[in-house]
């Protein structure tokens, strides 16, 4: 099926634009930038068609290109692996990715470094596709690191801005911590299974005796979870994602909402055979996801930057996905991953369109009343908001309810998870409608004395709007692939994915209690409506209320608005000691005191000795001759002594 | 018949005087001549050994020494001229700095 | 009979001229002394049967190299040498070293056996030519390159700064 | 022949050669004066003796009787030694020149070659001694401590070293043909004639270029017009011997004319078959004719010298150097190459 074409096409685009883009015209760069991802998307569709015709026995389909390394019995190949999971992933990545590329053509039209941007973006697609298509953990790790690199490059795309380059570095460094866990996990895997290939690791994990191996599997799972937390911005490694909003908005949409950050979810889902054998780890996953969802949602309520709201929303939604994974509802997680990719990409792109319309304004307090000025953006954003809030019949409703239901009903689930998730639903609805109201309703609140933007508010060009509309349609109807039985559907998405997760423990527990499921669904809709109502009251009906409430809440609000001081805490607990330690011990103590000083002492010694020996180098020819004569006499005398001895 | 050692001793004496000249003379040109004296002493030894061993290679070697001496004289005297032009002296004791 | 006489006459002349080379203050006298040394050595070469070497010794050394020396002395109008004491090393270290060196050499070389008869070993020019242009062809060519380089070096060094 | 006889024979030969040579030199001077006078449409010396034939004697007397002047600022040892060196070196080269076949000396009954000493490397000896001749001139000029002599001697040393090269290279052609460095053997190699008509002299065996180069270089070596830059009277008064007078001057004079004679001898030996020539008549004539042919050829060379002096103007100094290095030397090397090729093909 020539799977290798899918990642290689964007790589070709990246290389073409990266190496020669400076000499291309803008149209040329655009053609390359859109052509290769478009071709990759088309090829993915073709692959999907081929896949549909494969017999069940031929799945997972694997393709080995070349041997990478071999050490004893251990070997790693350049190989690609296609099953239902990776098929969904490549379709999401190339599809959404292609749409965002199209959008970027409009969004970046007036920016410098046009070719550079698309080169990076294509490079990202290459690594992301490598990640999801990899046949083994090591190749996956290559993609994993590569998307980190692309993310770093794109966050710091406007590298002249200090904050942008700092954000890029932060993302990179925080991800290193996660990668550390991933690497350790891989080492442990090599030690335990002697292989990194999915096809060998999973059966081996499944066949491992529970008594002797639970600890090892739990360790591997937790280490992988650390990696996933880094990549997917879960507590405690979530701090980089909000800062990553420094990058251009299409980047936020593609990398930090739709695709890269879901890599952690994908990885956990991919490793489901391991997780399913490590219930403790699974529990940790669920707790992390649950906490992150709640925690990020609360912060999201208090943010004023439109992209930051969306960033925390992303973290929160990723928390949902982790929660789903944690209750062994992997297909629900992937389902939500897909719908989230649609509506969150749409939200970011819509936000980008708003920012674009306001010539760079990101603060929601300076927005308002835009629904007439940017009608298309408003309409599509409305769809997305409804979808994320869980409005019935929109995609988010089906995927989120699937997770809520599983959190309640799964053997690993519990009512506590469900309750937290339900509360988070309320919060989600609240902060999303808050954004919606603040941006599109009421009157324009320009900062005092600033009237420059007033007349320039304009709707985005068609090249940006078309992806918005397509994504809006997908956000609206994307959920119908997974309508649960309780609502009269067949849950076909879960059935499609079932073979992937069936290798682990049988998780498709069918709770016949459709009534209970319907009740829970009603409750979650109620929560969403409540959130909407709060938002309507606070930000549309009585806009003066929020100030009074925040004033009343005082310290709590302060904490939330400042993200619970996590960054400051990390600064104090990790960064400061490291910096101080590096400064005092490593720099002043070891480098300056020991290394530099020893070098200096050596130099001083050399100078001292030279000062003594220098007297020999008088520059006087005859003195040199004297030394030469003495040397010759000495050599001759020695030879004479040796000869006569 | 003259013992070959006589020639060799003469060669050693001449060589020693060449070295001595290099040490005591205070004119660069004379120093150069001392070097030539040493080379001549070596040549004498070559020829003497050639006679002793009945091997003509010694003679050939003398030619090479002469060629080297000629090349050295050409370059060396050019250097001496250049030095004299910049420092107005031929005394090696006064030419012991690398700068002017 | 003739051989020892000639040897001692010219060896004495040789050493005397060398001593004169060291004793004279004026470089031109030293140069003339050196010419005497060279011509005497050429005679000694003849005694050793190396007639071609002897001729070349006169032509190259006395006829060309020393002319160059005298030419330079004349060109620079070099006067008597100064009495500077720039190097203690040369006197305190060099002189004993030279004495030791020369003493050892004389002692070692003086004990070599063997002797030379007048006209006993003639180095026919033809033989030398064969040796030079067959066995030593590569060194010969290399020395020609050396000479070329020396010529260029001399031209560059002695050229007046533009 | 024991070594006492050897020394006796040698002394006899040296004395005869010296006397003949010095006389020849004296009369070469007269010849020059007469010839140049005729070229310039004058009489030349006529007063002393018949046709002025005793003029050399008068000149000699005058040199001897003049006050021997040593200027105040000269470097005396070398000032005195220089003319001696010059003359000694000039006379030395005659020692290896053969003027005929061997003869048996009467009374002693010893057969000896007509040559003071026959050495295997006669040609190299000539070159070596010739290369020493520069010292006399150079030191004379330098020790005079006067600017014209110094300039003259600087010119002389540069000129002689330069042309010595061409001279030596020009002779290699002859050596290649003869395959020896011995002058006697070189002459022997030129005996005989083609078709009994054209003698097998080297000049007829392709060495015409070599001869031309040799002759030109020899003129420069002897500081004769057109190469008499070291003593050019219009520029340097009298060049290197400006400060000399009396017998010291005479020594330079003798040295110069001895060189002329030597060059004539060498040219005769190397290019014109030496003493070879038509031989006929009774025994005594057969014995004397080779010497006669030799002397005749040398005389012709001396004539050529004087003729050229009377005819050609002087070179400018840069022309002299350019001519020597850029024309004569390449020509001489080309001659060596061509001759070498011819000899190699003929062998």
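Note that the chains take the letters A, B, C and D in the order they are written out, and that residue 1 is the start of every chain.
We adopt the following convention: a residue touches a chain if its C-beta (ideal position, glycine included) is under 8 Å from a C-beta of that chain, and two chains touch if they have at least 3 such contacts.
Predicted model, so just to flag it, every value in this text is computed and none were measured.
Visitor: Of the chains shown, whose Cα centre falls closest to the middle of all protein Cα atoms?
Guide: Chain B is the most central one.
Visitor: In whole angstrom, how far does the Cα centroid of chain A sit from the Cα centroid of chain B?
Guide: Chain centres of chain A and chain B, defined by C-alpha means, are spaced 81 Å apart.
Visitor: Could you put a whole-Å number on the gap between the CA centroids of chain A and chain C?
Guide: The mean C-alpha positions of chain A and chain C differ by 86 Å.
Visitor: So, what's the distance in Å between the C-alpha centres of chain D and chain B?
Guide: About 33 Å, centre to centre.
Visitor: Taking each chain's centre as its mean C-alpha position, how far apart are chain C and chain D in Å?
Guide: Comparing mean C-alpha positions, chain D is 28 Å from chain C.
Visitor: Quick check on chain C: which residues sit in contact with 2+ other chains?
Guide: Within chain C, the residues that touch at least two other chains are 52, 56, 64, 68, 73, 75, 86-87, 90-91, 94, 98, 101, 105.
Visitor: At least two other chains touched by the same residue of chain A: list those residues.
Guide: Residues 618, 620, 622, 625-626, 629 of chain A each touch two or more of the other chains.
Visitor: Any chance you could list the residues of chain D touching two or more other chains?
Guide: Chain D, residues with two or more chain partners: not present.
Visitor: Once the touch criterion is applied, which pairs of chains come out as touching?
Guide: A-B, A-C, B-C, C-D
Visitor: Can you name the residues of chain C that touch chain D in the complex?
Guide: 1-2, 26, 28-29, 32, 35, 42, 51-52, 54-56, 58-59, 62-64, 67-68, 70-71, 73-75, 122, 124-126
Visitor: Can you name the residues of chain B that touch chain C in the complex?
Guide: 1-21, 23-27, 29-30, 32-34, 36-37, 40, 43-45, 47-48, 50-52, 54, 56-57, 59-60, 62-64, 66-75, 77-82, 84-85, 90-94, 96
Visitor: Quick check: in the complex, which residue numbers of chain C touch chain A?
Guide: Touch list, chain C to chain A: 86-94, 97-98, 100-101, 104-105, 108.
Visitor: Which residues, counting only chain B, touch chain A once they are in their complex?
Guide: Chain B residues touching chain A: 19, 22-24, 26, 28, 31, 92-93, 95-98.
Visitor: If we count contacts the way the header does, which residues on chain D are in touch with chain C in the complex?
Guide: Touch list, chain D to chain C: 3, 75, 77-78, 119-121, 124-125, 127-132, 134-135, 138-139, 141-142, 150, 153-154, 157-158, 160-161, 164, 168, 179, 181.
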